[in-house]
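Take this structure, written in C-alpha cells, and hold onto it; I'll ask about it next.
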Amino acid sequence: MVDKIVVADLSIDYGGVHALRHVNLAIKDKEILGVIGPANSGKTSFLRALNRLNDLDLSCRMTGSIKLNGKDINRDMDAEEVRKKVTMVFALPIPLPMSIFDNVAYGPRRHGLNDKKKLKEIVEKSLRAAFLWDEVKDRLDSSGMKLSGGQQQRLCIARTLAVEPEVILYDEPCSGLDPISTAKVEEAMRELKIRYTQILVTNNVKQAARVGDRVAFFLMGELVEIDETRKLFTTPRDKRTNDYLTGRFG
Amino acid sequence: MRRFKEFIIEKIILLSGFACILFVILIFFFLAKDGLALFKFSSPWNFLFGTLWSPLSEPPQIGILPLFLGSLIVTIGAAVISVPLGMACAIFIAEIAPKWMREILKAGVELLAAIPSIVIGFIGMTMLSPIVKHIFHLPTGLTALTGSIALAFMAIPTMVSIMEDSISSVPRIYKEGSLALGATHWQTIYRVIIPAASSGIVAAIMLGIGRVIGETMAVMMLTGNASVMPHTILAPVRTMTATIAAEMGETVRGSEHYFALFAIGLVLFGITFLINFLADMARHRKNK
Amino acid sequence: MKFKPQTKQKIAFILLGIAASIVIIPVILILAILIQRGLPAISWQFLTEMPRMGMRAGGIFPAIVGTLCLVFCAISVALPLGVLTAVYLVEYAKRNWWTRMIEIAIVNLAGVPSVVYGLFGLGLFVIFFQFGSSILAGALTLAIMELPVIITSSKEALMSVPRSFREASLALGVSRWQTIRHVVLPNALPGILTGAILGISRTAGETAPILFTVAAFYLPRLPKSIFDQCMALPYHLYVLSTQVPNVKPALQYGTALVLVGMVFLLNLVAIIVRARIRSKKQW
C-alpha cells in the first residue's frame, strides 16, 4: 500500500513546553490508525499538526516535516488546502448553530459551491455515509443543536465528508457519547474505510483495538511503538506499551 | 479573485485596528497645534500659574489657575461624595442584596448612567440649587458644591459597575475559606473581599474621577461660572471644561483667547490621558 | 464601645443599604419630576411643530429631527469601524506591544472629555477639512467619541462565540475571513447590536461635542443635507434653560422628557435584545 502521510522527525513545543519529540511514522492510504496513550502524551498535538490547526496557537513551535501525498503541508501547501484534504472531527460534537442541512452544506458553500441541486446531493450523500440520513431526513431544516449527542457527532462527520477530504482525523470522538452512540460512530468509521484514510486518537484502548488496522502508542511526547493492532495488543515490543495496556499507568 | 478579496478585507481590518491609535494622535495633534500657538503671546508659566482669567480685557489675562482650582475643588467634592456611596452601593449589590433587589438596583444604576448630562444639569438647576441655597443661606445656589453633588451622581454608575465586577470576580473560595473559619459575612467582606478586589476598586475610582474632570454641561449649568480664585466650596467657581464650552462660541478664530481655549483642552487631554492610563494599568495588574 | 461581630454586621449592612438607596432614589425622583412636569407639555403639536416666538412657543420638531440625523450618521460611521477594530483585536491581533498600544488608545478615547472632542471636531472637521459647522462634522465627532463603546461591546460579543466554532469551521479548510464572516459575526450580531444601541443612546444625549461642530441656536427649519447645521435636543434644552429668558418651565421639562424618553427607549431596546440573546442562546 502507498503511504498517504509521512511524518519525519516531528517535534512540537508550546511556549517552551515539549509536547512531541522526534516522531517518525508513515500512515498508509485508506487505513485506520488508532493513536493511544495517556493524557499529555502528545497525541492530540500530533493530530492537530496533521491539519495545521496548531497554527492557531501562537506559542506553538514545530520542527520536522509532514508530507501529504509527497507534498510538505507546511511549505508546499497553504493551511486551507491542507485542512480541506485533512479534516478533523473533535472530541465534543460541535454542530454550528444552524440547521442540519446548512451544517453539512457549510463546507462546500464556503468553497464556492452555490448550486442548490448539487448541494442537496452532497448533503444526502454525506448524511448517508455518516449513518444519519434515515434519522434526520424529515427535519433537515431544524437546528443541528437539537440532535442527541451521538447524532451531533455523526452530523459533524457528515460535515467533514461533505468537503470530500482524503484524510479524516478524529480527536477522541466518542468521549462524550454513550455506548450505543459510540457503536454507531464506530460503524460509520469502518464503512468509511473504503474511501478515506482515518486517524483516530482515543483514550479508550479497546476502541482502538476495535476499529484500528494499526495502532500507535504515544508516551510523554514520544512515539513508543506502532504496529498492527493484533501484534501490538498481543506481543508489544516495548515494555512501556505492555505496562500501559495492562493498566500499570495511564 | 476570492483570495484577493479576502486579502483586501484583511488589510482593511488591520487598518481599522490602527484607527484608534490614529485618532488619539490626531486629537493630540489638533489640540497641540492651536494650543501651543498660545505661547507666541504668553509664557507657559503665566498660562499655568496666572491667577487671573480675563481673556476679553485689554491686554487679555490668560491664567488658568482659577479654572484649574475650580475643576479641582469640584472634583474633590464629587469624589468625597461618590467614592463612599459608590463603594457601599457596589458592595451592597454584589454581596448583600437578594437577587430580585440586585436586579432592580443594577437597572437603577444603569438608568442613572443613561441620563444625559444636560438633563442632570437642568434638574440640578431647578431642583438642587434652590435646596443648596436655602440650607446654607447663600446668595446663589449655583456653587462648587452644587456641581459636586450632581457630578458625584454621574460618576457613581461608572464606579459601581466596575467595582461590582471586580468584587464579583473575587474567587468564591476566598470567601468560603473565611466563612468556614467562623468570620461573619461583614468581616469577610472588609477583611478578605475588598482587599482582594482592591486594584479593580482603585481603577473604578480613577475612571469615575476621570469622568468627573471631563464633565462639561452639568458643571457649566451648576457651578455659577465665576472665574475667580475659589476660597470655599460654597462659592461659585468655573471649571476648565465649562470655560471651553462657554467661551468658544464668542472667540475670534486665531485670537489669543481662541488658542488659550485649545491650550486648556490640551491640559485636560493630558490629565485624563494620565488618569485613564494609570487606571488601565491598575486593572491589568489584577489580571496577571 | 465594643459590639459583638453580629451586631456590627447588622449595623454595617443597614448603612450599606441606606447608601444604595441614596444612589437609587434620585433616579426615581428625577424621572418622577420630569414626567410630572413634562408630560402636560407634550402633545402632537409639540413634537411636530417648529419653535416659534424665539423658542418661547411652538414645538421641538427640528431638534428631534436634528438629533436623529446626527445619531444615525454617527452610528453608520462608528459601527463598521468599531466592529472591524474588534474583529482585528479578537481574531487577528497577536499579544504584542502593538496590540497593547491599540488597547491603551481605546481606553484613552473613552476617557477624553466630551468638550475636548468638541475642540477636536472643530479643529479637524470644521476648519481643517472645511466641512464648516455641519451635520457631517458633528456626526464624525460623535462617531469617534462612541467608537470605544462599540469596540468594547463588539469585542465582548465576538469573544463570547465559542472557540470551538472557529476550529470546526477552520478544520474544514474554510479560510479565516470566511469563518469570521459566516460563523463568528452572525453569532455575535445580537451582542454587537446591543452595543450599537447603547452607543446611539449615549450620543443622543451629548451636548458638548456638538456645541462648536454642528448645533444651531435657533433654526426653525429642517436640514437639507449633511452640510447643513441643525438643532439638536440636548443643545435645545441647554438653550431653553440658560440662554433664553422667560421660557415657560413646561416647555423646558417637555424637552427634557422627550430627550430622556428617547434615551431610555433605546436603552430598553438594548436590554430586551440582550435578554433575548441570553434566553435563545443555544450553546
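Going in written order, the chains are labelled A, B and C, and every chain counts its residues from 1.
As a working rule, a contact is a pair of C-beta atoms (placed from the backbone, for glycine too) under 8 Å apart; a residue touches a chain by one contact, two chains touch by 3 or more.
Everything numeric here is computed off the predicted structure, so don't read it as measured data.
Undergrad: Count the C-beta pairs in contact for A-C and for B-C, then report the pair with the higher count.
TA: When the contacts at A-C and B-C are counted, B-C has more.
Undergrad: Using the mean of all protein Cα atoms as the middle point, what chain has its own Cα mean nearest that point?
TA: That would be chain C.
Undergrad: In whole angstrom, how far does the Cα centroid of subunit A sit from the Cα centroid of subunit B?
TA: Going by mean C-alpha positions, subunit A sits 55 Å from subunit B.
Undergrad: Between subunit A and subunit C, what distance separates the C-alpha centroids? Give it in angstrom.
TA: Each chain reduced to its C-alpha mean, subunit A and subunit C end up 48 Å apart.
Undergrad: How big is the gap, in whole Å, between where the Cα atoms of subunit B centre and where those of subunit C centre?
TA: 17
Undergrad: Can you list every residue of subunit C that touches 2 or more other chains, as numbers and ranges?
TA: In subunit C, 175, 178 touch at least two other chains.
Undergrad: Which subunit B residues touch at least two other chains?
TA: Correct list: empty.
Undergrad: Using the touch definition up top, name the residues of subunit C that touch subunit B in the complex.
TA: 5-6, 8-9, 12-13, 15-17, 19-20, 22-24, 26-28, 30-31, 33-34, 81, 84-85, 87-89, 92-93, 101-120, 122-124, 127-128, 144, 147-148, 151, 175-178, 201-202, 204-208, 211-212, 234-235, 237-238, 241-242, 249, 252, 256, 259-260, 263-264, 267, 271
Undergrad: Going by the contact rule set out above, which residues of subunit B touch subunit C in the complex?
TA: Those in contact with subunit C are residues 6, 9-10, 12-14, 16-21, 23-24, 26-27, 30-31, 33-34, 84-86, 88-89, 91-93, 96-97, 104-105, 107-112, 114-123, 125-127, 153, 156, 160, 183-187, 207, 210-211, 213-217, 221, 241, 244-245, 248-249, 253, 261-262, 265, 268-269, 272-273, 275-277, 279-280.
Undergrad: Would you pull the subunit C residues touching subunit A in the complex into a rising list?
TA: Residues 94-95, 162, 164-175, 178, 182-183, 187, 282-283 of subunit C touch subunit A in their complex.
Undergrad: Quick one: in the complex, what on subunit A touches subunit C?
TA: Residues of subunit A touching subunit C: 51, 53, 56, 58, 80-85, 87-88, 90, 92, 94, 96-97, 106-107, 110-111, 143, 145, 156, 159-160, 163.
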